[in-house]
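Both of the next two complexes hold chain A, though its partner changes from chain B to chain C.
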Partner chain A sequence: MSILEYNGAAMIAMAGDECIAIAADRRLGVQYQTVSCEFQKLFQINDKTFVGLAGLATDVQTVAQTLKFRNDLYELREDRKMTPKVFSSQLSALLYEKRFGPFFVEPIVAGLDASNKPYLSGMDLIGAPCFPDDYVVSGTCTANLHGMCETLYRPGLGPDELFETISQALLAGVDRDALSGWGAIVHVITKDGVTTRELKGRMD
Partner chain B sequence: MARRYDSSTTTFSPEGRLHQVEYAIEAINNAGTCVGILSKDGIVLASERRVTSGLLAPTKTSEKTYKLANHATCCVAGLTADANILIDQARLRSGRYQFQYGESIPMEQLVEYVCNHKQSYTQYGGLRPFGVAFLFAGYDDEHGYQLYQSDPSGNYSGWKATVIGANNSSGKSLLKNDYDPDGDGTMPDMVTALKLAVKVLNKTMDGATASTSAEKMELFTMTRDANGEFLHKILVKDEVQKIVDEVAAESDVEMAGGAESSQ
Partner chain C sequence: HQHPTIVIADNHQSMSYLQIQRSLQNTNGATALPIHNTESNGLNGSNKHTISVNYDKSTDEQTLSDDNHIIDHGVTQNPYERGFSPYEFNGGTVLAISGKDYAVVAADTRLSSGYEILSRNVTKLHQLTNTTVLASAGCKTDVDQLRSVLDIRMQMYEHDNRKNMSTPSVAQMLGNTLYYKRFFPYYAFNVLGGVDHEGKGAVYSYDAIGSFERTPFSAAGSGQSFLIPLMDNVISHKNRCDEENRVDLQSDEVVEIVKDAFVTAGERDIYTGDAVQIMVITKDGVTEHVYRLKAD
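Take a look at the complex of A and B:
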């Protein structure tokens, strides 16, 4: 089994009308044995930026802690919040620094920029980014997630419709993957704040 | 006689003094005053802004008060350029501690780290000492709100209230009388602490009249909100003016009372 499939993960981020949604499963496994249904894979950086980390659990946590350190230092030195674009660039640079001994994580970044326009990015474990304007996926069942997103996604959805769309895509995607699922969490970010919901899905 | 022993940091004089360090401390006694006061539910740091030209285009929000971490702030008396180096050191240390232990760095450890860094410039390398004194203010779970003062020698001490910079001795004598007037160990509340800070600055600032002094004062408070998050606030001009006016009114009342009783 590949190192990126050791713990299991599934996550999606989608762009809507002046809003974004980011969702992930909650399973932590050791190969086929499930160990936790409450493992955190989505991390809030500031009011308008989230990052999702899929991959080896220890690297998920270390990268999340490192990103917090870098973000705190940025805010202290520059006296302003990081925009999602800058955060994504920094994450990409952080991963490339470890080019020949990488962190085994494949992140997705989702946020709203200064004018509340949605920002999405996804990258591989050595920091190669892409910047689509519809959705990004990562994890052990990306083929399933891409299929669901391509089918269900429409541009310009409002926060509630976006929540429904991303939730259905995630839940259907994880059901055909043994290594992901066991609970799901969705954050919807608008200019007015963040709404967090837990999804009730199959616990298998 | 001191001439021979004062050009190198790393040389003791025959009387056992480090002259370079003492000269660095002198540099701070010409710098803008900083007052720190511990209150029941927070900390007040008040500073004298030296440069208030209308032509100044400020890039940062402050030249005196700097946030070091969520739970810690400092204010600076001395060479701002030297201070920038040390402030960055403190921020990095705080961030690394948080990364390593998953919790905020205790105040004394942060202060000691910065001070050890300052000390190394008095013992190694043939470099001059940092010409900065700090007031560090912050909170940790072990000891609550704390205030520390540090100087170029790398020495530090904890205080309930203190003053650094120009005229700090007259500021300190005022605090000795007014910080805890009943002598029973009670701490003032935030409002009282702010007014006391303004009173101290009024005394230490040269030629300050009521109309100009509000612009030259920077008042900073650190408190906690209902969720336990720390609020770092530099008061805006109107809020500062309000406190300056209240202090002026109270001292007028005192003067009037004094004048009556002396008749």
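Take a look at the complex of A and C:
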């Protein structure tokens, strides 16, 4: 089994009309044994930026802590909040520093920039980014998630429709993957704030 | 002093590469590791070209004198194995969905090998009877052979029993045929669609060695992961709270869903594209549609 599939994960981030949604499952497993149904994989960096980390759980937590540290330092030095684009570049550089002994995480970044325009990026474990304008996925069941998102996604969805779309995509995708699922959480970010909802799904 | 990089043989005879190496090592006093030459352990048992780590120069002279210029590359003296796999994946995706009184079977028409496209117009669908269609992805030659075997066995059934095979019987026969080759399987991922003897839609999914089950829908091939969760959501209505919206789907609605599904698979799977062939099977027969997909 690949090291990136050791703990199991599934996450999606989607862009809507001046809003974004980011969703992830909550399972933590040790190969096929499930250990926790409350494992956090989505981390809020500031009001308008979220990062999702899929991969080896120890690296998920280490990278999350390192990113929080870097963000705090940036805010102290620059006296302003980090935009998602800067955050994504920092994360990419952080991962590439470890080019020959990488962190086993494949992150996705979602946020609203200064003019409330959605920003999405997804990276591999050594920091190679891509910046699609529709959706990004990561985890152990990316094929399932791509199939769902590619079919269900439409541009210009409002916050509620975006929530429905991303939830259906995530639930259908993880139900066909043994290593992900066991609960799901969705954050919808608009210029007015963040709405967090937990999804009721199959606990198997 | 001899120049360290040019070695001239004393008697002006040509020296083999390994002899030159050895001389260099002697000259430069190198205590390098021996060049373990796998090529040299011939069937005749001599280690002609192995350079021994041997500080006693006298034993070196023995191997120097047997000057054998043949470079073996390990292919003339020993038996060797090249990597040969009898299987190859020719790509493609197949999908079948059952309805109240119809079944829809669809497949893309691309044939590929590695990163190359061999053909944009090869069918993966095979109509076995008036009410059954087999769709297979995998290795084309195995798929073709499997179809021939099924056709022959079906003819025998029709001669023996004086009736056409029903879909559940075809399903069982396909399962058995695959299991005959349990220890050298057909590299064929099959999906069978048709109407059963009551006129209801039937879809059966298979693995490569004949395990099968009747299911509401099935997908196989390189794009199956993209399609199956979508079918779960749209056909089986899983994870949905709007039961009041759930109606029995008509065959034309399902054809639209299938078209969307193949557009998705064509976008995200490199082996799927060019066109999708959709067959709708009812108790009255089979109708076919072909739709273009992206050719990239």
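Quick note on the criterion: the second predicted complex is superposed on the first by the 204 of 204 C-alpha atoms of A that agree within 3 Å, B and C clash if a C-alpha of one lies under 4 Å from a C-alpha of the other, contacts with A are read in each partner's own complex, and residues count from 1 in each chain.
In this section, contacts are C-beta pairs under 8 Å (C-beta built on N, C-alpha and C of every residue); 3 or more make two chains touch, one makes a residue touch a chain.
On a predicted model such as this, the values are computed, not experimentally measured, just so you know.
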item	value
Contacts of A:E150 with chain B and chain C, given as first, second, both or neither	second
Touched partner set for A:R176, first chain B, second chain C, both or neither	second
Touching partner for A:T66 - first (chain B), second (chain C), both, neither	first
Chain A residues touched - chain C or chain B, whichever exceeds	C
Touched partner set for A:R80, first chain B, second chain C, both or neither	neither
In the complex, chain B residues that touch chain A	60-61, 67-70, 88, 91-92, 95-96, 98-99, 102
List of chain A residues in touch with chain C within their complex	141, 143-148, 150-151, 168, 171-173, 175-176, 201-202
Touching residues on chain C, where the partner in the complex is chain A	223, 225-230, 232-233, 238-240, 260-261, 263-265, 267-268
Contact set on chain A toward chain B in their complex	65-66, 68-69, 72-73, 76-77, 79
